[in-house]
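Alright, structures below, take your time with them.
Okay, so subunit A shows up in both of these, paired with subunit B first and subunit C after.
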Partner chain A sequence: MKRIPYYPGCSLQTKAKHFETTAMAVAEALDYEMITLPRWNCCGAVHSLTSDDLMHHIAPVTTLLRSKEFSEANQLDDSRLVVLCAMCLNVLKRTNKRVIELIDDRTKMNDFLYLESSKYDGSTQVIHFLELLKEIGWDVLSRKVTHPLSNLSVSPYYGCLLLRPKEVGIDDPEAPVIQENLLHSLQAKVVENPLKNRCCGSYHTLADKQVVVDLSYDILTNAQKAGAEIITTSCPLCAFNLDQRQEDIIKKYSGFKKIPVVYFTELMMIAFGLPLKNAGLDQHYVDPRPLFIEKEMYHEE
Partner chain B sequence: MRNELEVKLIPIYILSRKHLVPEGSTIITAMEYAGFKLKKGIGCREGFCGACASLYRLETDFKLHGGLGCQTVVQPNMQIVQIPYTPSPKAIYDLETINPEEEVFTATYPELYRCLSCNTCAKICPQEILVMDYVQAGIKGDLALMADLSFDCIMCGLCAARCPAEITQFNAALLARRLFGKYVNKKGRFLEDRIKQIQDGKFEEGYRELMNLPKEAITKRYFDRELNFKIT
Partner chain C sequence: MIKKAIISEASETFCKKVIELSGEIVSRCDQCGTCTGSCPMVIEMDISPSQMMRLVLLGDESVLEMKTIWICASCFSCTARCPRGLDASKVAEALRQMKLRKAIHYLHLEEIDREELKKFPQMVLVAAYRKLTG
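And then the complex of A and B:
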C-alpha cells in the first residue's frame, strides 16, 4: 500500500464527506492510502488576485508547508499532496506557483510565518485525485471493474477550476478528456456535453441563486439532450449548484426533468463492486438510486 | 526597609512613561511598585483568571508580545500596556436546544468563517495555544478537536484583540467546550458506579477496620498507599 498525503479542505469533511469516503475507498482498492494531514487549515477557497495583499496567500502557504513537513517526517512513499476539491486544487496550485516565481513574496510570507518550524520553498507538488488515477493507469482501473457501467449514459462535468487557468489545470481547458477516460475504463457510455466546462455560477449561489438556476439549467439540459442519464463532477460547489438547485430550476422551468449528479468516485464504487453502505448515494437532492436500481446496478439492502 | 535589601532597579516603560522597578518583578508587581492602583486588569495573581492580559515589546526583537501581567517578569526597557478587556460579542444560546452540528457557529459566531489562517492569534496567546488550529477545527465541524486544543484558554481576549478577521476566538471555543461536554464526550459512569458500591456496602468492612487501627498504623498506611503522583 503506497502512502500519500491528502488535504481534505472544509467541504470534504462536512457537506461533501461522502466524496472523501468514496475516494479513500477507491484509492485503497488501487493500493493507495490517502493520509489526511494532521494539521490543516482552510485554503481560503478563492484565490486572491490582488498582487500586493499577501495575507490572503498565507493560508495555502501554511498548508503547503505543513504537507511538506508531514511527508518528510513520516517518510511517505509519495510526497505529493492529493486534493479532491477543485477549488482547493486551484488555490493551492496557484499560490505555490507564486511562491516559486516571486522570491520577494516567498521571503515576506516565510518571515510572517515565523511560528512554523521551517521555511517553505515551493516544493510541495499538488495533484488532483483524477491525476493520480490517470497515473495509476486506465488499464489498471479497468481490471478492477467487476460491475461494468455499460448500461449507463454518463456526462462528465468539469466546471472552471479543474481546468483554468491553463497553468494549473489538470487537462486541456477547452477539450478535457480525463473524466471521459476514467468513465471509459469503467465501461460507461460517455455522453458529450458541449457545456461541460461552462461555469455553474459558483458562489453566486449565495448572493443571487437565480444566476445559478439559469446556468445550471443550461448545463443540465444540454447533457440531457445529448442523452445523459447521470452527471459526474469533482467539485463540491459544482455538485451543490447542479444537484440542489434543481429544486429551484423546476420552479422556474416547467417541463424540466430532474437528473442525478454524483461524484465520479461514487460510480467507481459501483463499478469496483465496493460496499455502498457509506457511499453517500442517499446524500443527494436528486436521488440516483432509482436510476441504479432500474439499471440493475444497485439493490436496496 | 527597601534600602536595606539592595534591590537592583531597572527601567521599564508603562504607558510610555519611564519607571524604575525592582528587577525580577512581574508586570503587576512592577506597576504596583510604580504607584498604580490596580482595580481592573488584576485578578487571581496565579496565572489562571486571565484578567491581567498585557502587551509588551522588548529591545531584543521586533515582536509585539502578549503575556499575563502576573506571570511575566519585567525586562530592562520593556514597554508595557495592560489590555484588561477586549470588547467581544457573546452569543446567547440554550445548550439544551442548540444543535451540536458542524454549522453551529453560523448561528452563534459566524465571524469564525472569516479566518484567514494567518496565525496572528497563536503568536499573541500567553498560553501558547494553537488558536488558529482550533478555529479551523471549528470551521470543519470538529468540536472534539476544538475543545481539546482550546482547553488551556483563560479567555484573556488578546487573540480577539489582534485578529485581522475580527473573530472572537475565545467565546467560540467556550461554546465548543460546552457542546463537547454535553453532547460529544462520553458520560463517565464512575460516580454512579461508586455510589452504588457504597450503597451496597462494599467498603463497610474496610472502613470498620480502618476506624479501629491505632494512629501509627494509619499514618504508615497513608504514606505506603498507591500513588499516581509524587509527593515533593
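And then the complex of A and C:
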C-alpha cells in the first residue's frame, strides 16, 4: 500500500464527509493509503488576488510546509499532497506558484512563519485526486470494475477552480476530459454538457441565492437536455449549489425535474462493488438511490 | 448627452493604484468584449466586465460603486479567454479590496437566514467572508 499525504480542508470532514470517506475507500482499493495531514489549517478557500496581500497566503503556505515536513519525517512513499476540494487545490497550487516564482515574497512569507521549525521552499507538489487516478491509469481502474455503470448516463461537471486559471488547472480549461475518461473506465455512458465548466455561482449562494438558482438551473437543464440521468462533481460547493439549490430551483422554475448530483467517488464505489453503507448516498438533497435501484445498481439493505 | 472624460491627476492616481494592486496592465485592454461574452454573471451586473476595465483605464472612480465588482465570483472564465492575457477578475478583486480596506462591506452577516446557515458547507462561509467583508 502506497502512503500519500492528504489535505482535507474545511468541508471534507464536516459537510462533505462522505466525499472523503468514499475517496479514501476508492484509493484503498487502488492500493493507496491517504493519510490525513496532521496540524493542517484552513487554506482560506479563495486565493488572494491582490499583489500586495501576503498575509492571506500564510495559511496555505503553512499547510504546504507541514506537508513537506510530514512526508519527510514519516518517509511516505509519495510526498505529493492530495486534495479533493477544487478550492483547496486552487489556493494551494497558486500559493505554491507564488512561493516558487517570487523570491522576495517567499522570504517575507517565511519571515511570518518564524515559529515553524523550517523554511518553505515551494517543494510540495499539490495534486487533485482525479490526477492521482489518471496516473494510476484508466486501464487499472477499469480492471477493478465489478459492477459496470453501462446502464447509466452520467454528465460530469467541473465548475471553475479545477480548470482555471490554466497554470494550476488539472485539465484543458475549455475542453476537459479527465472526468469523462474516468467515467469511461467505469463503463458509464458519458453525456456532454456544454456548461460543464460554467460557474455555478460559488459563494454567492450565501447572500445572493437567486444568482446561484439561475446559474444552476442552466447547468442542470443543459445536462438533462443532453440526456443525463445523474451529474458528477468534485467540489463540495458545486455539489451544494447543484444539489441543495434544486429546492429553490423548483420554486422558481415550475417545469424543472430534479436530477441527482453526486461526487464521482460515489459512482466509483458502486462500480468497484465496495460496501455502500458509509458511501453517503443518503446525504444528498436529491436522493440518487431510486435511480440506482431502478438501474439495478443498488439494493436497500 | 455629450460625454466627456477628463484624465485628471486624481484619475491617473486611481488607475495606477488599481494596476499596482491587481498587477494587470489595464491599458492593454482592447475592449474586444471577450470577457463580457465569457462572464456567466454578466446578467446580474450593472456594468459589463469590459466596461469595468474601461472605467479603470479612464481613472473613473465611480467603478467602485458598481455592483459588478462584487458580483464577479473569480471564476476566471474571462482570464482563460482574454486575447490580451489580462485577468479582469484580478481587477475586480483590486476594486473590492479598495472598498474593503476602508471597512466598507458588501455582505452583512445579520441579514443571512439562520436556518440557511446550517446547511452550507464551511467553504461557502469562508469564501464569502473573504471576498465580501473586510
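Note that in this section the second predicted complex is superposed on the first by the 301 of 301 C-alpha atoms of A that agree within 3 Å, B and C clash if a C-alpha of one lies under 4 Å from a C-alpha of the other, contacts with A are read in each partner's own complex, and residues count from 1 in each chain.
Here, contacts are C-beta pairs under 8 Å (C-beta built on N, C-alpha and C of every residue); 3 or more make two chains touch, one makes a residue touch a chain.
Note that the structure is a prediction, hence the values are computed from the model and not measured.
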For this session: State whether subunit B and subunit C clash or fit side by side on subunit A once the two structures are superposed.
Result: fit
Problem set entry | Chain touching more of subunit A, residue-wise (subunit B, subunit C) | C
For this session: State whether A:Thr14 touches subunit B only (first), subunit C only (second), both chains, or neither.
Result: both
Exercise. Looking at the overlay, what does A:Gly280 touch: subunit B (first), subunit C (second), both, or neither?
Worked result: neither
Exercise. Which of the two partners, first being subunit B and second being subunit C, lies in contact with A:Pro260: first, second, both, or neither?
Worked result: neither
Exercise. Between subunit B (first) and subunit C (second), which does A:Pro176 come into contact with in this model arrangement: first, second, both, or neither?
Worked result: neither
Exercise. Once the shared chain is lined up, is A:Gly122 touching subunit B (first), subunit C (second), both, or neither of them?
Worked result: neither
Exercise. So, A:Ile58: does it touch subunit B (first), subunit C (second), both, or neither?
Worked result: first
For this session: Examine A:Pro5 and indicate which partner it touches, taking first as subunit B and second as subunit C; both and neither are also allowed.
Result: neither
For this session: Give one of first, second, both or neither to describe whether A:Leu49 is in contact with subunit B, with subunit C, with both, or with none.
Result: second
For this session: Give, as a whole number of angstrom, the minimum Cα separation of subunit B and subunit C in the superposed three-chain arrangement.
Result: 7
Problem set entry | Touching both subunit B and subunit C, residues of subunit A | 10, 14, 42, 44, 56
Seminar exercise, completed: Per the touch rule above, subunit A residues touching subunit B in the complex are 8, 10, 13-14, 39-42, 44, 55-56, 58-59, 62-63, 112-115
Problem set entry | Contact footprint of subunit A on subunit C as seen in their complex | 20-23, 40-41, 43-44, 71, 73-77, 79-80, 87, 89-90, 93-94, 97, 107, 111-112, 116, 119-128, 130-132
Seminar exercise, completed: Residue positions on subunit B within touch of subunit A in the complex are 102-103, 115-119, 122-123, 132-133, 136, 139-142, 164
Exercise. Which of the residues in subunit A end up touching subunit C in this complex?
Worked result: 9-11, 14-16, 42, 44-53, 56, 85, 87, 160-161, 163-166, 173-174, 198-199, 201-209, 211, 214-215, 236-237, 239-240, 244
